[in-house]
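What follows is subunit A paired twice: with subunit B in the first complex and subunit C in the second.
Right, the complex of A and B next:
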């Protein structure tokens, strides 16, 4: 009896030690970036793990030194793009998910199959073609690039309706039927009944589409090309690690990374519940 | 008598042949003159709208559409030329053909024509419906009533049209465009960047011919892509599952804290954490510095994380575990908790060890439930551009003649081929082949999986 208890305690100890080591490995890079963002020495190559001196200059430089890499401008660009593409994609995703979940029409099955097939193509295989199309309609010059990026980020979102559809599927149909008997049109049911009842998924959709422009890097790079004044934060941070900038900008990169990560980390930690619900809902069925 | 016959016709979804068989002259005349049937049967505004669409289409076709279509088979042949202008004393450039624009406009015209055909069919149906209702003495919906129905019975049409428009223009049209490029010689090779031609299946032949440089690169990249996707998917799956089990054990203390530690790393934007990892693993990066300070490797030397082919391949897989496990942890926790507890209780009674339970209860159950998830993850990993591009950039390049490095996946190779080398046609072929492999692969595994064969059986 006693040995069984001992064995359990020993196992428990081992598990906790393993977890502690793993947690350290997972937290280590994040910890390191935060340290680097406060480091006073310049350059990417350091001989010590902990900085020799701490400073806030990296954050200050990020917002004041706008001659080479204009971080405040990039920040504003990304913010504008994020706000508009968030409005458009939320509208697209929710309305498509609502139609596919609640209404029956001839195009329903073909649409879902089409979304599945399109999902198998490498996402940016068509990126070059998208660039040519946007160029043909004159959206790749000057401030029109912002519009082009907004369209890129929101245009295809209606193909990833699955999580929102899964949510709408779980709502009882009886509510819709009752409203229909009371004389509601389907539009009224959508805006006055379904949406207010699905706050979690609305919030989830708004936030995921708001985050997308902050973390996408490759689309922005192909569409902006050399137009440095239209860069988004992601390209800016990537630029800071290029050979010609890395010595001066490395610690600023860390500062920028921390600044971008804080709001996203906050949103993600608040939202992980919905994230998990949406995914497991999809797995179940 | 006739009125009654008309009354019984089903008007909900008339086919075109029904329209021509049962329709009267007005409905039939709507074929050449769109909207005529509607105008003659109390739907004047709707009819005029149809007529305006037809007029606009005809004007478009005459002004540019027919020209666009005519250019499509040849893709243009007039090169840009310098001409000496005597009056101005400068060289002027004549406007040559640009094959890429000809292809784009041609495809655009085809799409517009398909759209027009759909509207034409809708106009015939609506003319037929109006005519039938009018002849049988029933109420023909007015324009305002039609508009109102857009928010009610026809709500799918209203809500799906804008997203569909953007999907067509920004996803479907570009895809068709790229697929077309696979059959041309649009490439920097032989300088076909301005004027190019259709070449049939020649690009596919080049890529499958393993004696050419491109061909041998293709097979090498394909094999590595499959190895990568397999390991990336299953290492994450197992580690995530084991971690979830460890955290959710009955005896584990401070569960929330452990979960927070792991989830924190997926709260950081992926491109940021990948760039951080890349800089940390450079020859003079934090990891090598630490190892030197601790004394595990001699001073001045460094581990070749991204400079040796085998090291680089293992590095990207291991870092992918770091990046991906928190997500898997989040996703699998819920599924694991759904495993019926009595299965474990019965196993405990029978004296099975925890490890035995894991292999004979947890794993089979998880495989059974998460097959669709695994397929989706495998697909995502084949197309996993970010991890490879931001970590190793496909490096190291051991064969200088080839365009791909040792860790390049099909997608990153595609990126290099199109953006960096401007071999647009070969890039398009690689994209198509990726799609074919994924489509066939996921279809076969899904068909053979238990969760498809016996739905809801466990």
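Right, the complex of A and C next:
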């Protein structure tokens, strides 16, 4: 008895040590970025891991020195784009998933196959075509660029309905039928019954569609071009690492990177448990 | 209530459509006979920022004052010299009429047929204001493609307390006195040594058919020399900004960089800052001159511009001595106009002297033939292999030949 307990304990200890080492390795780069964001010494290269002096100036500069790289503006641009494309794409994804899970129509199979095939190609393949289409309808100038980016990020999301559909499939059809007998329309079933029952997947969709605009660089770069007032944070951070700016802006770049991760980290922490539920539920179906 | 959604959707669609069709409906009223002109101008953000004096806006306003026959609306956009070309090639029709670009991007834009050739009286005006060497950097197949406003090259910054005027003429003398940091693994810098021993790229830089000549005994001798050089404890590799960091903490006394780092170096060294053209290095007992790549930055005009004459005139104005002088005063952009060479303030600036001396004497025009694209990675790999110790005296000749072969092939054929 005692030896079995000892053995389990020892095994647990080994496992935890390995996990601790792995966790340290994973967290290491993030930790380094955070340290760099508080570093007082300038420049992109340091010979010590820990900064010699700490300061908040990098954050201050990011928000006050706005004549060359206007970070607050970029942050707001990205936030607006993220919020709207999050709302739109969540609606798209859930609607498509619901239709494909509950309704039976001729185009259902072909649509799912098509979505699968299209999903195999990387999105930025269509980049140049998307740019010219947006230009043709006049969305590539001035503040219309924001709308263009929102459309870009939310337009294609209906193709990634699989996880949500899998989740909806696990819900018994009997509930829908009961509601229909009581006189519910499809829309009412969707909003009053299906959605409240599928909080995890709603939240999972919200999360993924909120993150997309924050981390996307390539579409923003192609569509913004010379319109600096429409830049998103991804472009701004990239600019800071260019030859002319890197020596002065490197620590600010780290500060910017930390700030960008805050909204995402906050959302994740708040919605974590649903996220896990959503994924496992989807896979089950 | 039942149709609330539909009504809302219809309203949203109508709003969107009206925005699409009437979005840019500025009033078109000619002001006392002046021709309405809309010019889109791109420049780096520093040229437009309030803190650095709004060079572009100032110049454009001055230009508009000089030309009352045009009622010009300026639209400003941000595109630095290095990236403007790719934005223009992506969609010339929706790009700036006038923009600043780095000369090594010329082919990107000429391939898209988006760059105006200057001719006639305009060409003459440009030629009067610039030296032959600089004009060559924006000339292709005999056509002039831009108004050069500054040279673009790298030179040496050093600490005057460590090196004397005599020391900086020779790399060996410098290495015996202090620590020199060189971007050894960067292929914009490393060829300096190879050029010094007679290696060439595309003949005089425009003869694409000649290819890269970084092979042969003379190149192998340079590789051999570099294997020894990297062993020198006073020679350190500058990568990821380590040179600047070394200068900052005092462990490095000289770095190789360009005018873009002047502000930082000035802050570190203060009055002890020295700037100079490249030194010679000693190979087989004889001095060999190091040569940097050089290029220029120029004002270009979009071939798709609707207002060609105003655009060309503006480009010439932005590259004029007057605009260059203002550029220098506001942002320390080193001027290249021949008119300004004797200006007392400018000609005493150490960076101006170093950059121009480098451009005139110790640099090679960076080729912009399209096969040049194959030349960067092999040289970078050579630098890295020498640093890692995988290139030795024994295999130097063989490795140099491999580098040359790679530079002359695009990796696909």
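Here, the second predicted complex is superposed on the first by the 245 of 285 C-alpha atoms of A that agree within 3 Å, B and C clash if a C-alpha of one lies under 4 Å from a C-alpha of the other, contacts with A are read in each partner's own complex, and residues count from 1 in each chain.
In the analysis below, a contact is a pair of C-beta atoms (placed from the backbone, for glycine too) under 8 Å apart; a residue touches a chain by one contact, two chains touch by 3 or more.
This structure is a prediction, so every number in the text was calculated from the model and none was measured.
Engineer: State whether subunit B or subunit C is in contact with more residues of subunit A in the superposed arrangement.
Structural biologist: If we count touched residues of subunit A for both partners, the winner is B.
Engineer: Given the touch rule stated above, what does A:241 touch, subunit B (first), subunit C (second), both, or neither?
Structural biologist: first
Engineer: Counting only touches as set out at the top, which of subunit B and subunit C does A:268 meet: first, second, both, neither?
Structural biologist: first
Engineer: In the overlaid three-chain picture, which partner chain does A:55 touch, first (subunit B) or second (subunit C), both, or neither?
Structural biologist: Touch status of A:55: no partner.
Engineer: If we overlay the two complexes on their shared chain A, which of subunit B and subunit C does A:30 touch? Say first, second, both or neither.
Structural biologist: The answer is first: A:30 touches subunit B but not subunit C.
Engineer: Mind working out whether A:222 is in touch with subunit B, subunit C, both or neither, as first, second, both or neither?
Structural biologist: It touches subunit B and subunit C both.
Engineer: Using the touch definition from the top, say if A:185 reaches subunit B (first), subunit C (second), both or neither.
Structural biologist: Once the two structures are laid over each other on A, A:185 reaches subunit B alone.
Engineer: Taking the superposition as given, does A:126 touch the first partner, subunit B, the second, subunit C, both, or neither?
Structural biologist: It touches subunit B, and subunit C stays clear.
Engineer: Based on the A-chain superposition described above, do subunit B and subunit C contact any of the same residues on subunit A, and if so which?
Structural biologist: Comparing the two interfaces on subunit A, one with subunit B and one with subunit C, the shared residues are 44-47, 128, 132, 222, 250.
Engineer: Please give the residue numbers of subunit C that touch subunit A in the complex, ascending.
Structural biologist: Result: residues 19-21, 23-24, 42, 44-46, 49-52, 77-80, 82, 84, 87, 90-91, 94-96, 240-242, 244-245, 248-249, 260-261, 263-264 of subunit C touch subunit A.
Engineer: Which subunit A residues qualify as touching subunit B in the complex?
Structural biologist: 8, 11-12, 15-16, 18-19, 22-23, 25-27, 29-30, 32-33, 44-49, 91-92, 95-96, 98-99, 103, 105-108, 111, 117-130, 132-133, 136, 151-152, 154-159, 185-188, 190, 211, 214-215, 217-218, 222, 234, 237-238, 241, 250, 253, 257, 260-261, 264-266, 268-269, 272, 275-277, 279-280, 282-284
Engineer: Sort out for me which residues of subunit A touch subunit C in the complex.
Structural biologist: 41-47, 67-69, 128, 131-132, 135, 137-142, 144, 222, 225-228, 242-244, 246-248, 250
Engineer: For the complex, give me every residue of subunit B touching subunit A.
Structural biologist: 13, 100-101, 104-105, 148, 151-153, 155-160, 162-164, 166-167, 169-175, 177-178, 181, 243, 246-247, 249, 251-253, 258, 260-273, 275-280, 282, 284-286, 289-290, 293, 322, 325-326, 330-331, 333-335, 369-370, 372-373, 379, 383, 385-386, 389-390, 410-411, 414-415, 418-419, 424, 427-428, 431, 434-435, 438-439, 442
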